[in-house]
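What follows is subunit A paired twice: with subunit B in the first complex and subunit C in the second.
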Partner chain A sequence: MNFWIVLTVNSITFGGLLFLLASGFSLIFGLMRIPNLTHGSLFMLGAYVGGSIVIGLFGFKLNFWLAAVLASLTVAALGALIERFLLRQLPGDQLAQVLVTLGISFMAADFCLMVWGGDPMSVATPEGLGGFARAGGAVFPLYRLAIIAIAVVVAVALWLLLDRTRLGAMIRAGVDDPDMARVVGIRVSQLFTIVFALGAGLAAFAGIIGGPILSVYPGLDQDMLPLALLVVIIGGAGSLLGSFVGSILVGFIYNFGQALLPELAYFVLFLPMLLVLLLRPQGLFGRHVP
Partner chain B sequence: MSEIFSADNRLRFIALAIALAVLVSLPFWVSGIYYINVGSQILFFAVFALGLNILVGYAGLVSLGHAGLFGISAYATAYMLQHGFGHTSAIMMALVVGVASMALFAVLSLRSSGIGFIMITLALGQILWGLAYRWISVTDGDNGIPVRGRPAPFGYSLTDPVHFYYASLIVFIVAVAMVFIFVRSPFGAALMGTRDQPRRMNALGYHVWMIRFYACLFSGLLTAVSAILFVYYTNFISPQTLSLTASAEVLLMVISGGPGTLLGPIVGATLVVVIKTVVSGFIERWNFLLGAIFVAIVILMPEGIVPGSARLWRLVTRKRTAAPPAPAATTERTP
Partner chain C sequence: MATSALRLENVDAFYGDSHVLQNVSFELGEARMLGLLGRNGAGKSTCMNVGMGLLAARRGEVSVFGEAVTKLSPELIAARGVALVPQGRRIFRSLTVRENLLVAGRKPGAGSKHAPWTMDTVFAMFPRLKERTSQMAAHLSGGEQQMLAIGRALMGNPRVLLMDEPSEGLAPQIVAEVMATIRKLKESGLSIVLVEQNPNLVFDVADDIVILNTGGVAVVSTPAALRQDDALLRQHLGVF
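Moving on, here comes the complex of A and B:
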């Protein structure tokens, strides 16, 4: 019984992490119509930068949460630069933009290997969250519960941002009809930069938060990117609810797959994607086929 | 018929004859097995790039999962050989498995075109990679499967690098001829029609999905053929071959050379294999350079080397005869 409860908690934790990663991916996709293939790299970069600050690799040490914020801001700025100086060179040419993000992801992976080497870097669990909570005979690691809480808080914040603020209304307008949004005076290209930076920052944040449970290693980017893709294929592009449901679903399937069929864990992910593509190609909550 | 003997075509025939002569005589004037092996690599990677170009160039469908398909055929060959089957059945199996997987790939990814197609093929390719990596009881995971020996068609053992080079050359020439005929056939024209104007083609009564599906199968066949040559060349297959990097490499071959041209993927394959071979002597990792070339080509030379040079060439020759420049060909990509 305990096994199943722990597995369920782990699945929700992983789903929460995936949501942090995939919500930005989905927003960028919804607005700019491109899958940002650097998203896995931004996740990994965030994890490396954050982890390095925690252990004082750059000459200064901060506590986990401050490091997380600092690394997210750094990577968000990097995302803004990528959008501003590279993707902006290719306006309207989505295919070329995708290929540029692919190129950057290779450069980023090699850069990380060069700076941090091939050995995995372990990130210590933040202070005060190393313990366990007991409820009804089952034991839960506090940190995993904290990740779930963080994911829920971020989800609510994102929903408020998109649904209740002027910026959110502008982003929604851009997602629905970029040309019409331009006509009514919304600077859509500026939204591109903001959303790209936001997505990059969220991915980096997910990377650091995930550090203590996943550890950080070369190839982490290529492990995470397909999962974000799957979340968006399953949930539907540009939909926050879709990212949320998709993330939890993929979190469950991936974790249960890994526990029950370890050799085929990756392959089991194929099934929900197959079903969604055959029955509802726009994704569960998507409005149009990408 | 008269146009076949036009000046332009005569030039083309001469160029073709020279290229063939160079390729056939390569083992005689190139000293060292090392360079002959590089030549073989260029040839079978060119076949791979030709196969991907069917989709990227002629169908307007960019696949980022082709290394996965390549890997499936390579694993099929290795698995069959490991389990005591002969070369003929291993090769047949690899072809069948390769084309069948491509069919499955196509059924799923042709649910959308454009960016959606990229995403789905990428996800499928990564799933195949994950399978090769984790399904240890079949693939032996990271260790890979070694392959012993090469086939000896008509008693002509391919263990000799020169012989292997000629076998690759024959396969390469057949592949080029197939693509040449394919592109000029009515079917090829219809495929390019679905690339440029899918809605109009649909309105004209063409079955756009079916045309794309057949194009995928042809691409899968060429991919499987190149994978078989690859696995016999390296005598080894591991999950590395299926990685996203490998998919990106072959896409770079197509894009750098010039998608939608016959010569483009061949030039691109030569370029990528040569750079990779030369560079690996100096720096440890090729990924950074791969990414940088990718970004540079997409931003600076999006049409590729072959169309870019052809445009320059036309510009030079037209100036001499003082004819007005032809309008640039416009191709609309489907969103």
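Moving on, here comes the complex of A and C:
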């Protein structure tokens, strides 16, 4: 009994982290039509930078939450730079843009290895959240519940941004029909920078928030990227609801697959992707790409 | 013609290797309406795309009120006061009616003589849109989508309006409504290019006519003269 509850909570927690990672990936995919292969690197970089600030590796120490915010802002700025100075130079050439993101992801992996070495960095659970909540005989780690709450808050904030503001409507217009968005005067290239920075910041935030449960290690980037891809293919590129549902689904499939069929974990993970691609290529909540 | 609102001069345009516009020149006068006719595939939409900056002319010049815009992007050409009602309407399908107008809003340029278009004035012109402000645009009827596409273009407070087959696929009664709207816009002083395949729709409202044939300008004339010349119309447009 307890086993299933724990597995369920772990699945939702992991789904929440995936949502933070994949929502930006999905927006970037929807708007710019490129799978951003640096997304795993941005996640890992956020985790390393945030973790280093928490333990004072850069000569100053901040509490976990301030470190998370600072790391996210730093990586968001890095994302904006990547978009402005690299992707922007290859307008309309999606293959070249994807290759650039792939190249950057390799470089980032090397960079992290050089700076932080090959040993995993453990990130302590933030103060006050190390304990457990008990309900009806089951025990829930407080920090995992906090992650779920954070994911829900971010989801609502993103929804408000995308659904209730003019900027959000412009982004959705750009996802719908980029050429017509430009025709009505929307500076789609500025939206690219904003969305890329936002996605990078969210990925980094997911990285540091996930630090206490996943720890930070070389290869974390390549562990996370396929999961983000999976979420977006299942949920549909550019759809916030799709990212949310896709993340939770993948969170469950990943955790249950690992627990019940460990030798087939990847098979179980990628089978739904194949099915979605074959039966509903635009994803569960995506629209047909014109 | 004192000032030209939009001028294409010796424009050549390509899609990849296919040479679609050959040495196309025409001129839209200020506060006038130019009817651009031609068979399917003649290059009408391509002219609109060049005028809007969606497709760069490989040779030749495009200018708006005397200012060269040849190499500018659509968003910058929009900022110079050009708006497009594209063929097939291409409203933002997943946005609501209100959001479609909201994202296209732009204050009129300096020296504009007219009361600016706002969401309220667009809704006053198209009351049916007003009843559907928070409906998803994809769920509108064809006629409503066309009205929304026109309203969206007007929200940019343009000086030049490019309309690409606004009557396409609409019931006759809706076509009449859309044409009445276009006439009103013309009377407001807007300079308009009206692309159509059916010359009779255009002859009633346009001041000048250009007929394209296989990517080149075949005829430059007026509705009055062309009404007398069935042979010429048949030659370039087929049977009407």
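One rule holds in what follows: the second predicted complex is superposed on the first by the 288 of 290 C-alpha atoms of A that agree within 3 Å, B and C clash if a C-alpha of one lies under 4 Å from a C-alpha of the other, contacts with A are read in each partner's own complex, and residues count from 1 in each chain.
Heads up, the rule we're going with is that a contact is a pair of C-beta atoms (placed from the backbone, for glycine too) under 8 Å apart; a residue touches a chain by one contact, two chains touch by 3 or more.
Quick caveat, the model's predicted, so the values are computed rather than measured.
Enquirer: Mind checking subunit B and subunit C on superposed subunit A, clash or fit?
Expert: The answer is fit.
Enquirer: Identify the partner contact of A:Phe111: answer first if only subunit B is touched, second if only subunit C is, both if each is, neither if none is.
Expert: first
Enquirer: On the A-aligned overlay, A:Val100 touches which partner chain: subunit B = first, subunit C = second, or both, or neither?
Expert: After superposition on chain A, A:Val100 lies in contact with subunit B alone.
Enquirer: In the superposed arrangement, which partner chain does A:Leu142 touch: subunit B (first), subunit C (second), both, or neither?
Expert: A:Leu142 sits against neither subunit B nor subunit C.
Enquirer: Let me test your reading of the model: by the given contact rule, A:Gln89 touches which partner, first (subunit B), second (subunit C), both or neither?
Expert: A:Gln89 contacts subunit B only, not subunit C.
Enquirer: Which partner chains sit in contact with A:Val188 here, subunit B, subunit C, both or neither? Use first/second/both/neither.
Expert: In the superposition, A:Val188 contacts subunit C only.
Enquirer: How many degrees apart are subunit B and subunit C as seen from subunit A, counting from C-alpha centres and rounding to the nearest 10?
Expert: Once the structures are overlaid on A, subunit A sees subunit B and subunit C at 80 degrees.
Enquirer: Given the touch rule stated above, what does A:Pro226 touch, subunit B (first), subunit C (second), both, or neither?
Expert: A:Pro226: touches subunit B, not subunit C.
Enquirer: Under the stated touch criterion, which partner chain does A:Val69 make contact with: subunit B (first), subunit C (second), both, or neither?
Expert: It touches nothing on subunit B or subunit C.
Enquirer: Between subunit B and subunit C, report the minimum C-alpha distance in the superposition, expressed in whole angstrom.
Expert: So the smallest C-alpha to C-alpha spacing between these two chains is 7 Å.
Enquirer: Once the complexes are superposed, what residues of subunit A are shared between the subunit B interface and the subunit C interface?
Expert: Common to the two interfaces on subunit A: nothing.
Enquirer: Flag every residue of subunit C that touches subunit A in the complex, lowest number first.
Expert: 52, 54, 73-75, 78-79, 83-84, 86, 90, 92-95, 99-100, 102-104, 106, 152-153, 155-156
Enquirer: Any idea which subunit B residues touch subunit A in the complex?
Expert: 62, 64, 108, 111-112, 114-116, 118-120, 122-124, 126-127, 129-131, 133-137, 243-245, 248, 251, 255, 285, 287-288, 290-295, 298-299, 302, 333, 335
Enquirer: Which residues, counting only subunit A, touch subunit C once they are in their complex?
Expert: It comes out as residues 166, 169-170, 172-173, 175-177, 179-188, 287.
Enquirer: Show which residues of subunit A lie in contact with subunit B when the two form their complex.
Expert: 33-35, 37, 86, 89-90, 93-96, 98-100, 102-111, 113-114, 222, 225-226, 229-230, 232-233, 262-267, 269-270, 273-274, 277-278, 281, 289-290
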